[in-house]
Amino acid sequence: MSATHLISVSDLGKEGIDDVMRLADSFVEVSEREIPRVPALRGRTVATVFFEDSTRTRLSFEAAAKRLSADTMTFAAGSSSLNKGESIRDTVETIEALGADAMIIRHKSAGVPLQVTRWVGSRVVNAGDGWHEHPTQALLDLYTVRQALLRRGDGESFAGLRVGIVGDVKHSRVARSGVLGFTAMGASVTLVAPPTLLPPSVEGWGVEVSHRLDDVLAGLDVVYLLRLQAERMTEALLPSLREYTANWGLTRARAAALSPAALVMHPGPMNRGVEIAAEIADLPCSVITRQVANGVAVRMAVLFMLLGQGRNDSGRPESGQEAPVDA
Amino acid sequence: MAERERMLTPPRGGVFVARAQVMSPDDVTRVITRIGHEIVERNHGVGEVVLVGLQTGGVPIARRLARVLGEISGTEVPVGSLDVAFYRDDIGLRPVLPEAVTDIPWDLSGRTVVLVDDVLFTGRTVRAALNALADYGRARRIQLAVMVDRGHREVPIRPDFVGKNLPTRRDEMVDVDEEKGVMLGDVVVP
Amino acid sequence: MPDLVLVGGTVVDASGTRRADVAVSGGLIAAVGLGLDGTGMVLDAGGCIVCPGLVDLHTHLRQPGNEEAESIETGSRAAALGGYTAVVAMPNTDPPVDSAAVVREVQELGRAALCQVEVAGAITVGRAGERLAPLAEMAELGVRLFTDDGAGVQDSRLMRRALEYSLPLGVTLAQHCEDAGLAAGGHMNEGEWSSRLGIPGLPAEAEELMVMRDIALARLTGARLHFLHLSTAGSVAMVAAAKGAGLAVTAEATPHHLSLTDAELAGYDPVFKVNPPLRTAKDVAAVRRGLAEGAIDAIATDHAPHSQEAKEAPLDQAPPGMLGLETALAVALSELGEDMEMARILAAMSWKPAAIAGLSGTQGGPVAPGNPANLCVFDPRQRWTVEPARLASRSRNTPFAGRQLTGRVRHTIRAGEPVVVDGEARR
């Protein structure tokens, strides 16, 4: 992989995604050791910069950094360390000056991580920017599917896999990254949602669209459920939660109609009873808890790929010039 | 071996061009047999011996060694594999990804670990391996078996069992191949 | 004795094109012909076009209220460097230009400017879209154009009344067409790109709905109406049809809507955020055709300075707007040079906007003795690279940063004064 930052899944390409997944295998092994740590990023500093709160994702990244022996710095919204009056540029320039080799950024506005790459030399990982993307989520989702395929003895190829992404695609960064990831790996993706919850155009996405879950459910190998936010009702996008669940929720009845080997996935946190019936999350076809478990290993893989290239004699990370080779 | 990986993968993207065969495949087989006997002799048997091959060149040799030890002693000797990608201290443009997942499925405490690699050069790979092994328990002792020692050490590491001592220039490369034996040559970067 | 002579250029104006020198004296054009000389200042116009000074129907000078981004002085300097001898200053200042007092303040500040500053007034008090502003009182002070620009007048009944009221005043109302309901929360053109980037979009219909409504109101009231910054194929088609039906409507388009598409937003750089937003390639083509065929009368810059900090905010928080005064002529020449003759391009940038702004007496007039000496001298072949830090504007938000353009102003004469000489402002 030659990417310097991870802003979008498309920064990786199929090759990069394969590299991440193979690396994640190694980091799963590391995580299972008694001392789940390797010195690969010793001396590096990884800063989590979360302008938008998310304890789970932030902790997942911090655990990943620590298992690679990196030092961590935490900047979270609501704490005094992220000054409300300060511009984003001033904030990240300060964080870089404090020694951050990498910044993990989450912001409610799309495009902020990309803007930051123009202002600092630190590596930038997009941990979620508005409706745009959440690349590490897509990577851990892909990894979880690959894990299930290998467990079944089906080989690790995604070619021909039929994936359905169900729910509020329009406002979902997980969906956008997911579409890019699954299509890059050769799966065929269908978006399933009412017209008001789809983006104005999916031209060039390489996906099919269906407005009726019941029409496509039986033919799916992976059912990926998106979270439905309550605000959508006030924006005149949906008449009611009940109508949503009746038409696009994975109810008990619909779960029975799934093909026997189908996987049920969700990025969390779940609205049980809305997009997914309470008990389905605990059925064997659900890999939702494995998604969470795989998060740390996949994020370790991403951090290693961005920062694991060794230092020059001054102790700073290599900037991209040829350096003497060692063995 | 780290050096080989760096030279042959992008962005260097070099190609190994062999110049001379230093050991034939038959020579390699004989050497493995000899080393197997030396291991048994040094450790008074294979009771607590565990072989750990370094990815990638050391793994096939470790497996062959295990077979030899099995024939000599009548006991099955455990073989694991270790990728030191996460323990390296070297410099480069890109991270070198592990070739394969490390597989050391037992606690090493109290055992005699024989690290096996194909070519010993600067010694940094072995140094990294020692760091890695420390995460799997406190071994009673660690020994090092290599097919070829080509000199140019940069850290105080010495092998316990050596197939062949081969003086080389620093910019040359040594390649160990199952079918071709041990070849000495150069890396040509296009 | 002439104060200055422009030597060696080619004169282009509404009456035609000819090789001629131009002598200026006492603020007026003194002579036009070959072999003119004089003891005054001689300015080399060799290889250049000499035309009536450009007139911008749509400039934001930011003063009063937002002097951090621009002032009347710095904005007028940018205008002069762009070949403009007159600009119409938009009323969305702070306080807005919705009373005689603020009109007088801006006019006073404009007296020392490097170009003529005409003040546009708001249609409604505070630009709030609720009550009519004192149009007659402002017209008395010389205001000829009224607009709530920055927003459109949403209330149809109020807009109808405004048009009716304006009839006897000899003024023109201008509309920023944007239906607030359809536009709600949009930050870029709604389409393939906004979907991919995950940014709420502004559909073309938000503009077209109000164009449609205002054409109907113009027909109903018989009043004159000018459409600001049209950006969609649909809008252009509707205005063309309205003109065909004999309605007194005029329209303008910006240099950026002639040249840039919403693909520019791929890097999430707020410098490319503008209202109306950059649209699709089809829309750009339609706007260019509209100009070539006359559906669109004028090119107007919608020069909108914003501080660097403001334009470094996230895309969905940054204010919309781009600089335009110093690059407009070059962009117009580069983009339209193949489809339109020089005279027609210059018409769209000088005498046609002068007429719409009610300035035909002083601006845009033929280069002939006795007319006010408001002239633009430019080299149509000179190539230059746009460097934001070297622009005269106080702000840097130009979408053409780093691009190479062809066509550069060499001299600008305003009321006989050489405000720009050899590409440099003299004050």
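Each chain carries a letter (A, B and C) given by its place in the written order, and its residues are counted from 1.
In the analysis below, a residue touches a chain if its C-beta (ideal position, glycine included) is under 8 Å from a C-beta of that chain, and two chains touch if they have at least 3 such contacts.
None of the values given here were measured: they were computed from a predicted structure.
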Chain pair, most C-beta pairs within the contact cut-off: A-B
Innermost chain by mean C-alpha position: A
Intercentroid distance (Cα basis), subunit C paired with subunit A, Å: 46
CA centroid of subunit A to CA centroid of subunit B, Å: 38
Intercentroid distance (Cα basis), subunit C paired with subunit B, Å: 74
Multi-partner residues of subunit A (each touching 2 or more other chains): none
Residue numbers on subunit A that touch subunit C, as the complex places them: 87-89, 107, 109-112, 114-115, 129-133, 173, 176, 199-205
For the subunit B and subunit A complex, residues of the former touching the latter: 1-4, 6-7, 12, 83, 85-95, 97-98, 101-103, 121-122, 124-125, 131-132, 135-136, 154
Subunit C to subunit A touching residues, read off their complex: 190-192, 194-199, 201, 203, 267-269, 309, 312-317
Complex contacts: residues of subunit A adjacent to subunit B: 1-2, 19, 22-23, 25-26, 29-30, 33-35, 37-40, 68, 304-305, 307-313, 318, 320-327
